[in-house]
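Quick one: this structure, given as structure tokens, is what I'll be asking you about.
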Amino acid sequence: MVQSKPEQMSLILFSGDFDKAMAALTLANGAAGNGMQVSIFFTFWGISLLRRKNSGSDLFLEKLFKGMMPIGAEKIGLSKFNFCGIGPWLLKKLIRQKNGQTAQDLFKMAMERKIRFIACEASLKLLGIKPEELIPYERLELAGADAFLQSALESKIAMFI
Amino acid sequence: MVQSKPEQMSLILFSGDFDKAMAALTLANGAAGNGMQVSIFFTFWGISLLRRKNSGSDLFLEKLFKGMMPIGAEKIGLSKFNFCGIGPWLLKKLIRQKNGQTAQDLFKMAMERKIRFIACEASLKLLGIKPEELIPYERLELAGADAFLQSALESKIAMFI
Amino acid sequence: MVQSKPEQMSLILFSGDFDKAMAALTLANGAAGNGMQVSIFFTFWGISLLRRKNSGSDLFLEKLFKGMMPIGAEKIGLSKFNFCGIGPWLLKKLIRQKNGQTAQDLFKMAMERKIRFIACEASLKLLGIKPEELIPYERLELAGADAFLQSALESKIAMFI
């Protein structure tokens, strides 16, 4: 798939589920590994993957929603059979037994492969998450839906996850 | 993105979740605002966004499924943390506090921007929803999966939400 | 849509939900019926559609996850209102009343229409599902995410379901 001008793939990660995040990161890393330029637009529950730490916030409802959202790739739940976190814990154990890649591994690989991360500004504003609460990464931008659409128009593959 | 022949985007809204509907409508409005031609194919749970009112129906199972499906953009639940409707209520309150756009605003904007709505005929038949139970909108059509596929083939972006 | 070189569509079926599987198969059959070449990449929960029978497995965690995953198109649940299997049972009853196509019908039609099935190798390995536990079908391949990406790059439509 190596070409003069690399093919592009744009993903929206709307879901904050562990299993869907792993699917998105696996596809993104596979595409980047094959020379494609990959952008992931993190929006709504997907923002939880980019969070570094909880900081003080004044609005009660913000706190409530932020409190419900997990922080980082290791804390998110499954889309099915979550069982209050037992599902993801078992899945991670199973992945370790099989020497598979964990969500954390896939997330680090995505950064090593220079995948472009876009954090949805409207979601950050709505949830009261400040830019300094996100992971440090030079390829992380804050932008709106227009940035995703522009990227998707230039892409061969655009998917909503 | 303004061009001689406008780019197209086709979305399938399968989900009836409030948060996913807002994501779909935000993308659709953004694309239409940038001069793209946008079609949304509402199918299965997504049909609930197009419902105007409940009417009498003879089949018990239809009634049961229709009774479970919410009516209109203001009544639908969240894909996560729904808590019997408390989640969406809190989210709407948060959106109001932030002066953000509500689902109802986004839905109206989509109609103002002449986004094409396609209601999946097979879903309507299955759920026993009659065309007169859907919202009045001159750009609303009833059609099958073929209409979506034809539109997707002409589109730069096609996504399943 | 009949052309010298047929258009392609590539779907990822990540979800193991009955309603989403029906949506994927309806789109796939519609596209194949219009002369398109269709590939479905079954991954994670979507693998449950391809399972034939449960076989003995040594790892406890594998057994646990495999035990949670349903087997075949008739046993999967709904993404909403599943109610411990009552939802899918009611939906199937409703489909029969309306003389609609069941998931099993759609699945058989997909095989008759020579739709290419790709079972995600990493998911099989992770869940401890052996190739001989999958349905017999000459167009079923085992492959990784790269196979999906290659297919998606050649496709007009690529969607994540």
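Going in written order, the chains are labelled A, B and C, and every chain counts its residues from 1.
The rule we apply is simple: a contact is a pair of C-beta atoms (placed from the backbone, for glycine too) under 8 Å apart; a residue touches a chain by one contact, two chains touch by 3 or more.
For clarity, every value in this text was computed on a predicted model and none was experimentally measured.
**Q** Report the topology of the inter-chain touch graph, choosing from line, ring, star, complete and other.
**A** Topology of the interface graph: complete, with all chain pairs in contact.
**Q** Quick one: compare the interface residues of chain B with those of chain C and tell me same or different, with half as the dividing line.
**A** different
**Q** Taking each chain's centre as the mean of its CA atoms, how far is chain B from chain C in angstrom?
**A** 25
**Q** Send over the residues of chain C in touch with two or more other chains.
**A** In chain C, 158-160 touch at least two other chains.
**Q** So in the complex, which bits of chain C are touching chain B?
**A** Spelled out, the residues of chain C in touch with chain B are 1, 7, 9, 19-20, 23, 26-27, 30-31, 34, 36, 79-81, 90-91, 93-95, 97-98, 100, 156-161.
**Q** Okay, in this complex, where on chain B does chain C touch?
**A** 12, 14-16, 43-45, 59, 61-62, 64-65, 68, 122, 125-126, 144-146, 148-150, 152-153, 158-160
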